[in-house]
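By written order: A, B, C and D. Residues from 1 in each chain.
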């Protein structure tokens, strides 16, 4: 497949450019007989959409999802679920000056290298807007997982040098940074706002956890649970890495410190982040991803135009100074999709038995 | 595919348990008409094999590769290249006591959860020995890449808390740690040896770079170059994460600091690690992976047996106290395989040439 | 993938039920920089749409295609092309009586066995209407193939026991049966019309040819050109088989009769139908498919309801008495997609040129 | 994948040339905890091997299968099962004269067009010998299917113009033609022997049936059960088509004649050949394939050499005058693989529950 599909059993294919008619997704592999809550899909999209707060871009799109297929009388039929989101805010003329300039930190240069041409309006296909389609698909996956008692949640762990000390999942959706620590959230917001005022941006770290996974989920060797999660995360623009459990800290740990020992109650620690040999342990899946500063900044930068000449660029418009809060629902969506994809491959009957 | 294959155009499928008759690989997609240096394949295997130094396990296997197909008169024919490596050192009786005990940090517990049974001898399918098959396949990929001027090299950047300050690629193969800094290499070796003497192990960080890549390599959205590399790395046992370019450090960087600006000579920095929007920039691909301490240690640990009873375990035998030096060729192999896989899919020839 | 995608390099994913909001397709792998003639796509859809003549169902749908992505200023960008076709004629109430009855010759029974529920309106996902999405995708493939001098054409070779004796490609689009022989066309039309008047239907044979293929197209062993074509054809509802070149007649032929000998001008015959060892020979690709009688007939038939009780059914409404004329563009579309898929994978450019 | 793999859940990858060191297969997706009868695998190979009778080629290979992985103490572990068959009869010198000549009816010409070079010895990769690897894999699939009450059997329905009138499955393995009708078997044998004596060959038709399938097996739209079976059959060299149930005869049938009506006992006929809408009906799966005359004949033929000059060729050695009897086990193997592949994707627990 040429790269716009993900997953083998619960498989998604996305399409659309940021300033074309619409973006969307086909979900192939939605299990049958699942009542679908379409309002939940919309709520998930609302968590990702721009303009939620002063630290998210005010591009004013409604991001209304329309479901074209796969449901019958409110219930999934097992056939593909197609969802589209019209692009209502298509002021592409605003992008005309970038037609021939490679914006630093964007995919402008590399797309030209690959394709020889590109839809330059707002990033075209490489725009973060593509992730709205993933969130819609993830909202289906979450509904299926919920029936198996599996829950996925992500939050901003760090931004602008401010790191959360506590993890309060209930607080996450109550602050514009989607931070997990009330004290840190305020500091983060202040630090990010200050940089935004300067026309700059800043990076952060998002952490994600999934609970309720059965042990033994995943496929050995190449299709490990953590390998697939890593692939899913690095497929999100701005994500520059991933670490599971103790992560990079294992570099300085000894075997006695790092091995998760067991007693009758189960694992005594979770340095593994919920994965051993590529299969889930039954402990919470836990990973973190570094998120780079939004590349669109209004401060002057040096770059090239398509003729190879050096030019100065100041990327206008208001952009998210820190993309972490809006990446959170995308991270959850992709995590839910990976987990469900493996769950559907399990050799046991997890869904409502039917007549056959 | 059930998980033992990797890649779509240069595709590998591995098989074999550590104490079965043999392990091996089928490479499907080897381009035709490439003269194959079989001695080079063996040399790559020798870099991974046990017993190279006092900091690698002395399991004394020759790891002789035998090529069964795909070559004719020394040249690749375009048909599958099957390579097998016999398991000559099969003292499986040594593992009998682990038949019913879950070794901490190993996949014993999770394999039982998934399959209901397992070949317990030396890790069976989840043994690091499986990676020898990948190294053999990677040795083919490297030979093809070399013809396009692409070179992949990895080294130990950090181990036991000792980090390399300089990067001297020529030094890497001249020290048992495969460190890239002569001064650090000695300290690392001493620190690792001390922990080995205690029956303990320790983690580290491996860094990998690939040079000579054309710009525009990769597929957008889900099959990004960095997403595929991440998947490849996390498919290696003991690897707990990955970061590209500035990696986790982006969390504290601003847009002005992190964006790689350009002038007529090209990019002025490489914080991106050679990837923008999932496509290669033409700068060196650069990433790092944390490697956990070898889980097999002779110090006493608490675990469960298959009946659910808590037991104490001391994993006997001599194991690599730090697996970094032997993971280096595996990292190179998988990186070469990913790059070649994308290179074979490049849009060349039959359609209108574009400006690149 | 769960079954709604086809192809690996030029890959299509279709969605939609016959009486849902819309059907559509995502084409992933459209090569970049191809000027796209959208009017041609519509003309291809018009060839498949109902109501073209008295021997096609008068369901009056406009089948207007809308392109949502993948084109920029009239040229393909290399990103997914999403196309949707709204379902304007959704008189689903007409189907209410079939909610609990398995129509003979339809997928009603088997869908219930697989999914436990179904969208019963007009066949739902199993409706022939799904093939409109394929025709739209095929219209893109045809435009790309044309640039390489490859042309695909199909026609009705036989229907209602009347077989074409001559093959006049220019005549095909000038008669409602899409027959390739003017004399036979009239007889066919009369025979089919007579059966239609009785409320019955009838089968036929469609023949397809593709010219201009380079030799050596295909992949050996499992992914043979003929194997992929066969898979594509049998994926079309109502198609019950396929034969290439001499086809079933080889059963009575000797080696001397069947082997295609060569002299300096090339092959002296084409019993192989353009494929040897799964690879194109450069001769025209040639195959035939048997098409079953439309299962929807108004004559009384015995079947079961979903409670397992025997019932009599008379399928009302006007249906195509012979589906051959409308399958012709679908056969062409799928053939074009298969050929382009292989063409995009051809080994060009980066490795040593060979003699071809 | 480059074409040497088949299947998604029970996936096989074959390798090897007819005169290389060995051929073989990796089966990925063998369910765990299945006791494996290795003698049965050998017996299946014996059914395909050359030299069984005067109408099969006397190339004297033992075709001994060796299992390298995936079994532990006689039971499948769920990891890849690698099987190799050494090529003991490698008189490749006998083929030296064909190094630069394209044998009519063989893939010699097309392989050169694709790859630019080939292993010319005995067909190399395109040799029918590759199918031995499939038979070994199929023997595993059959053992799994047997546990679900599914049985696959094929036979020669027609050869040299002689067609079986009755179908006696018990007789098939008791005659060298593997015909299903004792009377016809004798005539066939005589007719084939006469042609063999002349140095000629002849074609035939093989029929296959599978019983015990649950209803609803398959995936709709592109991955239909019949589409996958068709792909599997056309992937076998010498097979030029396929028809299910009534097959090509539907061309002359009406809807009333062809539709399979139902009453309380189930379907009243099986014109569909066991598939509706791409899903199994629960009736026997039934299909037929035309098998072309063996292309290797000792009568003089016109062809080209690699320099483009016309030459006369008489293919020496003794070859199967009719390949039907030896294709029978290959057809069964591929059919079993397709069915198991779908069965493993079903959403219910068909295999021994394990502890998770």
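In this section, contacts are C-beta pairs under 8 Å (C-beta built on N, C-alpha and C of every residue); 3 or more make two chains touch, one makes a residue touch a chain.
If you're wondering where the values come from, they're calculated on a predicted model, not measured in any experiment.
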(message) From the C-alpha centres, identify the chain that is farthest from chain A.
(response) D
(message) With contacts counted as defined, which of the two, A-C or A-B, has more C-beta pairs across the interface?
(response) A-B
(message) Report the inter-centroid distance (CA atoms only) between chain B and chain C in whole Å.
(response) 45
(request) Could you put a whole-Å number on the gap between the CA centroids of chain A and chain C? (result) 38
(message) Nearest whole angstrom, what separates the Cα centre of chain A from the Cα centre of chain B?
(response) 27
(request) Enumerate the residues of chain D that touch no fewer than two other chains. (result) 1-5, 8-9, 14, 79, 114-117, 125, 214-216, 220, 356
(message) Give the list of chain A residues in touch with chain B in this complex.
(response) 1-6, 14, 102, 104-107, 109-117, 125-126, 130, 158-161, 195, 200-205, 214-224, 226-235, 237, 240-264, 268, 272-273, 276-282, 287, 290-297, 299, 301-304, 308-310
(request) Under the touch definition given earlier, write down the residues of chain C that touch chain B in their complex. (result) 8-9, 31-34, 78-79, 144, 147-148, 220, 343-352, 354
(message) Help me check something: in the complex, which residues belonging to chain B touch chain D?
(response) 1-5, 8-9, 11, 13-17, 20-24, 26, 28-29, 32-33, 66-70, 72, 75, 77-82, 84, 112-119, 124-125
